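The two complexes that follow have subunit A in common; it is paired with subunit B in the first and with subunit C in the second.
And then the complex of A and B:
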């Protein structure tokens, strides 16, 4: 089975620092890593390849730093990586990113299945896999928590209210959730071998595209979480019951109990 | 996982993209398999050193490629640099600051690499893949009951009889005596014994396999000690009564073992120091966490300069220790990986002695201060800090070379041998 996996090199949000005055993330030089759900999509593809044979190719779209993710992609075991970079792609909107992914997939050629993380670790738009499916006119199965391919594709999708089990045709686009698997951690020997492997580097002009974004991002700020600081005085042991009642009332008001 | 202290951005000691990715992968492995379990593991092994050795974890670490990192791929190694072994050791010790697992890892990186330097192809092919997979242990056995620092005074004899060497004597305070018995394949040590006359020129080095393919050698009688810290990796001793070892296990040249083991010690000491800077980083983070939450007299305790200045001093020592460690490992890369003709193994003497001297002492001094900042809570076994004090303390006492021997090496090489006698 030939599988294409969409992989983003996201900001490592856990290590991201925010400007204390403006609340904006300090992105210059911020560490990046493979997006968590995309990593699980790659793991799922590699497991399918290990069982059924075939190839695993990857598509990455982003600013030039995105090329760094290729080492990890190869270290995990993918066969071939395709990267489309442009300085302006750091601010690409989901429509444009999906278009670039689709044009790259067309260049790659035949495939049986497209996998992607349901959302990226940083922008978290949840839109790319669906848009890719729509542009390719393929069926889309979102948020997979489990999938099997031998004897036909079966996807279990977590749609919020319940887990739906689908018999899916091939080719399809499947987006995977964090729960689907525990991705492998590459060994040093795999990392070293990966660093010697070549990848295909596309520029937007190779795909006949340019950065035209209709979406304007005005501001990205850390949400302010104000503490309520409710203090219940209960220094007199005989009035402890009242104090407990007040705490319970406060918690009920917040709908937490 | 969010880190309390950002790893220093350092334009002097720099890492390649592969090394950065490797550090990230080791961290991920440790967050998953080591950090959540080390305290319980240390407690359990404290009660029963032989039966609480984390064999499964060692196997997992082997599968992850955390042993034999600098060894050749043809022997099952990772084909990495010595700096990569240093990075792995630092991160494992950060995740298990009792350093039990870091010591297991550092021994099974440093000494297998020394084995590859001096061993013939047949024995490298036999031993190294098993060590790499986590099926066998390979450490160092030089210390004897009469002392460890006086290597030239070793009394264990290895007498050649036909195709075998026959060993008689006793080794003491040896790491891995339990692991050799418990791991599926077995293993042994880079062992130094007397094959010639008195003094350092009568010593030879061997790949001494107490157990191989699951079978114990005859005439090997082990004992396990109860350690005060670093539980989870056993320390013990063994008596050799006419223990026979095939001659192919001789490492390097006969009667040149003193020089071979000194080269091995230089390599192992780099990763020893790496373990202590990893544990020290954990201690620094524990201190910062505590400073941000602990209030006395209505103020954070770090608002008292008696506390914050001491923290600043110890942080400076940590950065210096880190520099010594990576400077030494980069030098080892140049000597052994890049084969830089302008350098030779002796060039490691002073840089390594500085790292081994400075790292463990910084870590233990830091642990003592952090425990004082934590107050009485740190004196209970509920608080984990003491575990990061007792484990690294083994290296201040003298494991892998006493602290004063490090000072001797520095003084000897800088002042001149004849001027320090």
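And then the complex of A and C:
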């Protein structure tokens, strides 16, 4: 089976620091990595390939530093990576990103299945896989928690209210959730083997596209969590009772007990 | 595994990356293995790097290196619990440039340079052991994987796990290492410029003696990054133990000292870290820096210069890496990786600034062990100057104040001896 996986290089959100004053993320030079759900989509594709044979190709769209994700992609075991970069793609909206992905997929050619993470670790818009499916006019199965392919594609989708089990046609677009699998950690020998592997580097003009962003992001800020900072002093053990009472009073005042 | 490398390098600090950069430029097949999840993730230091070796080795250095600010002002501050006396040198330092950088970003950049030169840099891999055949090192193991090479350059930093396995060095003793704790505090670029009276791109390196270490052996430091401040304390382990100092509490006290508080009151910490640093100078260097199929570079070899006022290790680490690479290239050409063949590394080091600088400050490590510089002098100086500048009923000259403050704490003879020894040795 020939599979195409959409993989974003997102910010490593756990490493992200926020300006304590403005609450804005400090993005300049912030570490990046393969988006968590996309990594699971790749893992799922590799497992299918290991079972049934075929190829796993990947599409990555983003700012120039996104090229670094290719090392991770190859180390995990993908056959061929395609990357589309442009400085302006840092601010691409989901419509544009989906369009670029689709144009790249058209260049790649034949496929039986498209996989992607349901949402990226940083922007978390949940829109790309559906838009890709729509543009390609393919059926879409969101948020898969499990999938099997032998004897036809079967996808279990978590749609919030319940898990729906679908018999899916091929080709289709499936987005995967975090629970679907535990992605492999590449071995040293796999990393070494992957380290000099070439990838295809597209620019927007190769695809006949340009960056037109209709979405304007006004602000990204950390939610404010105000702490009350109530300190109850109880250094004298004999006054412990008082201290406990004060704590209970505080908690009652907040209506938490 | 099939692929055999010309060299495996353990650790992607300045030492390992220096070695890799040079080897890659020679066209040798080299791989750096780094246990941190990304290059730079595990690297901690104070804040300042001396330019010379980098400038010579990497042509694009000035254009590309992630410099936060160029050091324009050098300051030394002696502190007691309330007051501070500061000596400032304002200069263009054009002859001997140093710059303030975030070490993790700097090493990340060096890693890119290594890759551009054709070397491999692989994070997320911890080297567990060496592969030895008949006493000669042939490669490394990581988990259950093996990797072979003609030679291993051990640049693992301060914690000598691999070097111990190679029989090249022992663990550090408490009087040979210091622990550093550091905070990065976010303020704005303009605030940094205003507070320290700096133009764009200019920085301050400020070192502190006395109160920041609770008068134990060591010092405090403050470096101005672009829009953050690195603030930290370095304390020698034996002194911290003797004085029962909680290293983590002490930086809190330092940050809240009125002199620092007024600088940082607007800011909030965004990062904490801690790391060890060798303090012994020449005496901390192991007898053998090479074995059959292995060389040591950087902190693991003890190449850190501690002049009291400055800790300097990044440039020496990088330079030792370059020299290790040069040695490996010669060994490669001769097809001989025995200890005898690699021992020219030791010669190269002795003829380089790594040793000449350490040699020049050889006696400093004894001098720096003199507690009076951390305890007595900062306090007396603060007290004397405060009294001298205080106008009152009976204003006095400095000398009588000094004699009064010295009473029971310090003899004139000891002070003169200390001053002479400081001037001679630092």
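The criterion applied here is as follows: the second predicted complex is superposed on the first by the 226 of 257 C-alpha atoms of A that agree within 3 Å, B and C clash if a C-alpha of one lies under 4 Å from a C-alpha of the other, contacts with A are read in each partner's own complex, and residues count from 1 in each chain.
Simple rule for what comes next: a contact is a pair of C-beta atoms (placed from the backbone, for glycine too) under 8 Å apart; a residue touches a chain by one contact, two chains touch by 3 or more.
All values reported here derive from a predicted model rather than from experimental measurement.
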Do subunit B and subunit C fit side by side on subunit A after the overlay, or clash? clash
So, A:191: does it touch subunit B (first), subunit C (second), both, or neither? both
Which partner chains sit in contact with A:19 here, subunit B, subunit C, both or neither? Use first/second/both/neither. second
After superposing on chain A, check 76-84, 94-102, 238-246 or 382-390 and name the one in subunit B that bumps into subunit C. 76-84
Where on subunit A do the contacts from subunit B and from subunit C line up? 187-189, 191-192, 195
For the complex, give me every residue of subunit A touching subunit B. 14-15, 33, 68, 71-72, 75, 185-192, 195
Please output the residues of subunit B touching subunit A within their complex, sorted ascending. 1-3, 6, 17-18, 21-22, 24-25, 28-29, 32, 64-65, 69, 73, 78-80, 84, 88
For the subunit C and subunit A complex, residues of the former touching the latter: 1, 3, 31, 33, 38, 66, 105, 120, 122, 125, 142-143, 145, 147, 186, 266-268, 270-271
For a test of understanding, state which residues of subunit A touch subunit C in their complex under the given definition. 17-21, 26, 29, 31, 187-189, 191-192, 195
